[in-house]
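Chain lettering (A, B, C and D) follows the sequence in which the chains are written, and residue indices restart at 1 in each chain.
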Amino acid sequence: MARIMPLGEAVAQCVTDGASLAMEGFTHLIPHAAAHEVIRQGRKDLTVMRMTPDLIYDQMIGMGCVAKLIFSFAGNPGVGLLRRLRDAVENGWPRAIEIEEHSHAAMANAYEAGAAGLPCAIFRGYRGAELKRVNPNIKSVICPFTGEELAAVPALNPDVAIIHAQKADKQGNVLIEGIVGVQKEAVLAAKAAIVTVEEVVEDLRGLHPNLCILPHWTVDCISVVPGGAHPSYTQGYYPRDNAFYTEWDAISADRDGFLAWMDEHVLKSGPEDFARHAGKGA
Amino acid sequence: MARIMPLGEAVAQCVTDGASLAMEGFTHLIPHAAAHEVIRQGRKDLTVMRMTPDLIYDQMIGMGCVAKLIFSFAGNPGVGLLRRLRDAVENGWPRAIEIEEHSHAAMANAYEAGAAGLPCAIFRGYRGAELKRVNPNIKSVICPFTGEELAAVPALNPDVAIIHAQKADKQGNVLIEGIVGVQKEAVLAAKAAIVTVEEVVEDLRGLHPNLCILPHWTVDCISVVPGGAHPSYTQGYYPRDNAFYTEWDAISADRDGFLAWMDEHVLKSGPEDFARHAGKGA
Amino acid sequence: MPDFKPAEMMTIAAARALSNDDVCFVGIGAPSAACNLARLTHAPDITLIYESGTIGTRPDVLPLSIGDGELCETALTTVSGPEMFRYWLQGGRITIGFLAAAQIDKYGNINTTVVGDYHKPKVRLPGGGGAPEIAISCGEIFITARHQKRVFVDKLDFITSLGHGPNGEGRAAFGVHTKGPTKLITDLCVMEPDPETLAFTVASLHPGVTREAVRDETGWSVAFADSVEETPPPTDEELTVLRDLQARTKAAHAAG
Amino acid sequence: MPDFKPAEMMTIAAARALSNDDVCFVGIGAPSAACNLARLTHAPDITLIYESGTIGTRPDVLPLSIGDGELCETALTTVSGPEMFRYWLQGGRITIGFLAAAQIDKYGNINTTVVGDYHKPKVRLPGGGGAPEIAISCGEIFITARHQKRVFVDKLDFITSLGHGPNGEGRAAFGVHTKGPTKLITDLCVMEPDPETLAFTVASLHPGVTREAVRDETGWSVAFADSVEETPPPTDEELTVLRDLQARTKAAHAAG
């Protein structure tokens, strides 16, 4: 049953050292404010999973929160590589991290299987691809009807899913619109879920019947954080801050510059600082 | 690429004797007009599949069009049994039919696998249930990670899918709203697809981004048949004719009464006769 | 005590078994009436899910079918068939699955497939629909049925969906770890599985119903709990709300 | 012949390879520019799909990321991640998959994972993303890349996605029956696989480019087709539309 509470409380309640964490968002609706809160609370030894780890996981890795990363594309979208992730993988700074690498199709199927309560997902994938040589979590099953060999990966069932969405209503139902990615699946696959939202409205009923809505009893904590996806975007509220994604390449280029930026913009800030990026509701 | 054409032409182009056919619709949007057209054109030896075969399959079976039925719940929803289906299964009238019986979960997963291009679907199903004793198309696979045994069924890939939907646009894109069932999956799983619609509008773009839309290049034929789902309903256009579902129990009670009704309301009628049931667009 | 019919007592007793926090997978017929009666009385926030894909629905009249427009119009959201069976049912999110039965045995196994031999049936019934997976995936199962000897049989012609096993061997033998049928609510009584034998045993008799009446209409040798209660009779509120609901429903379907 | 840059020639040559009936899975960067250029010139009805879930999108400016709001706002429909990879990609509905490459070998196998050893990489690249399954599920694959020796290598450090096999053994050896890479479009030339060896072979040289220039920037011993054509130079329309698109894009992203 969803309870509406401040973000600091939600993260303190759900995220513990050593937890596995999915903070999803495919370019759109990336939960930046929540990631900053996890960093501020000093969580350690996290297993973080995401199809497209970008700036927030680069930040969490650079701040030493992460023990293991499960992912399928680790880049700064449209800009280049993730420098803090590279530093961790190539040089073990600030700590070595374990990586488990998949394709997008594998991750999307694995979240889907997690949401569907299955132990694994099967799909036609990885043929002729070398990842299966280095990732023991890529196996296969044989179709009992055709004999075709299909790839199999374990379901993803994080301890906690954290997503950002447009709206919740007073009962705690959540609406996600636009590029919805795997957020619904991540929440349904997780043991606990936190959703940051731009705003709380009276009631989500009566909108179009087929929208992507998470009922209140699938979510644990809802926190109102206007602008909480910045520099990512929230469709209907504010656009992607493409300039910041380009800037991040310079900010993260060296360790000292990175730490100074994090100190000022994360450690000494709070969720309320995202409000200046918030836009108007649709 | 979708072409807009009269229903008679669409059925003549796509449905041949011996074809496998999915006419889907879960209570909502059942393609009655199209089923009547298939009967009028005298198609034989069809394999018909549907989660909830109700009146239209009862009619097709009673008229001798059907050689095999793949299904998971064969009833007149809220009323009782299907008398023409019973007569075929219990007495072989007007011909014996083969049945392949599943659960809803199995059929929904099998359409999903068909749409996804997979040879089979896996799910946690049929445990302690006797259908797997009588249906050789229920097998199992072992999860390579946990050792759990999961049920497996072959994907459903009909030769032709026929559905009814609210709207198409001039390019041939199709919008389905409300209880969407497995219609999208049936169309994507099929080799060819016919969609009857209440109306054609200028353009479906600019509605909500996450609606259930079939792009024009996934559909072959679109036929405008207002009222074409009656006595089922079309959300936003006209309600379910519950009284007719109750009447059907009497109409179908004996062979002569059934044949007389079919002669008058199907063989001597046409798609245009559904127009009197049509309602107003939303 | 107000005047009431056995079918009303059955629906009311079933409604009482539901709570405000339940997420309920609703079959059509008596289960639908019970679930909506609960929602309109003591459990206003209960979540009702119909297998047509409608989640959190609040119909003003009872649907005739599992997919009436009313279910979609009043739902929080409506999802596709594959999603319903994968994410919501198989995902283990449903606390109570509410089933009806054409035939039921003392272990709560259900037949809705055939009377007679599967390949040469005397009566071809509609089939399992969602039931085989509802029976194994929901936290627990409530079953409601008219108490009649042809329904309450000693041996099923066909096991459509699992209860506590054809020989009461328990569900774990089939790799199933949900509770299964915990209540069987009829127009004569409420039954619950005996903790030892797993056989349905009478827990309470509806007002005015005798043990003899239950024995007469039960195809197995029925047991009674050590202390059989009397089911509390319907309250005025329960009866009024149920009858209003059924009157609205009748009017709406006749008009259709 | 209008004045143009090699990168412009590459994008224009890639755009020309697309037709009005294609359903194209678009990677970010040069593929996105080529696909949208085709849409804005000779293929107005081409269907563009981005892996963020946007189907039939018609952006006015090029997206910086694979999931910019513009893609969703102008799409016919936007679907979830699992649906995109299951129904649309794996479902075999895409005619052309358009990929970029960090490293490519002569058989069109691609590396976007690591430079050096996987477990001790010299450079940790972003990884495969959608590419491993785009490479096997689309009807055919077009690849576009700057023609540089460090990109066009003799042996990949890691095979992220399958071309015609690491030893040119063909895709059937891996259970893959789609065509795979049929065109490699660079800023120097257009290459196509030799029907016998399956090795990428120069089919046409862009205006002013010599065989020597191609040899210098190719890490394998490059072959030339029997009759190497000259790539037709950009038309005024192609250049104007591309430059307008890029100017709009630059202005939009700076403003963002």
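The rule is simple: a contact is a pair of C-beta atoms (placed from the backbone, for glycine too) under 8 Å apart; a residue touches a chain by one contact, two chains touch by 3 or more.
Computed from a predicted model, the values in this text were never measured in an experiment.
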item	value
Contact-richer chain pair (by C-beta pairs counted) among B-D and B-C	B-C
Rounded Å distance, chain C centre to chain D centre (Cα mean)	57
Euclidean distance of C-alpha centroids - chain B vs chain D, Å	40
Rounded Å distance, chain B centre to chain C centre (Cα mean)	28
Where chain D touches two or more other chains at once, by residue number	72-73, 78, 86, 90, 137
Interface hub residues of chain B, defined as touching at least two other chains	112, 116-118, 123-124, 148, 178, 180, 184-185, 209-212, 235
Pairs of chains in contact (touch as defined earlier), listed by label	A-B, A-C, A-D, B-C, B-D
Chain D partner contacts - residues on chain B that touch it in the complex	1, 112, 115-118, 173, 184-185, 188, 204-205, 209-213, 215, 217-218
List of chain B residues in touch with chain C within their complex	26-28, 51-52, 71-75, 77-79, 81-82, 85-86, 89-90, 101, 103-105, 108-109, 111-112, 123-131, 134, 148-149, 178-182, 184-185, 212, 233, 235, 239-243, 245
Residues of chain D defined as touching chain A within the complex	28-29, 51-54, 63-69, 71-73, 78, 80-82, 84-86, 89-90, 109, 113, 118-119, 121-133, 135-137, 158-162, 165, 171, 174-176, 253-254, 256
Of all residues in chain C, those that touch chain A in their complex	21, 23, 47, 55-56, 72-79, 86-87, 90-93, 137
Chain A to chain B touching residues, read off their complex	116-120, 122-124, 137, 139-146, 148, 150, 152, 154, 177-178, 180, 208-212, 235
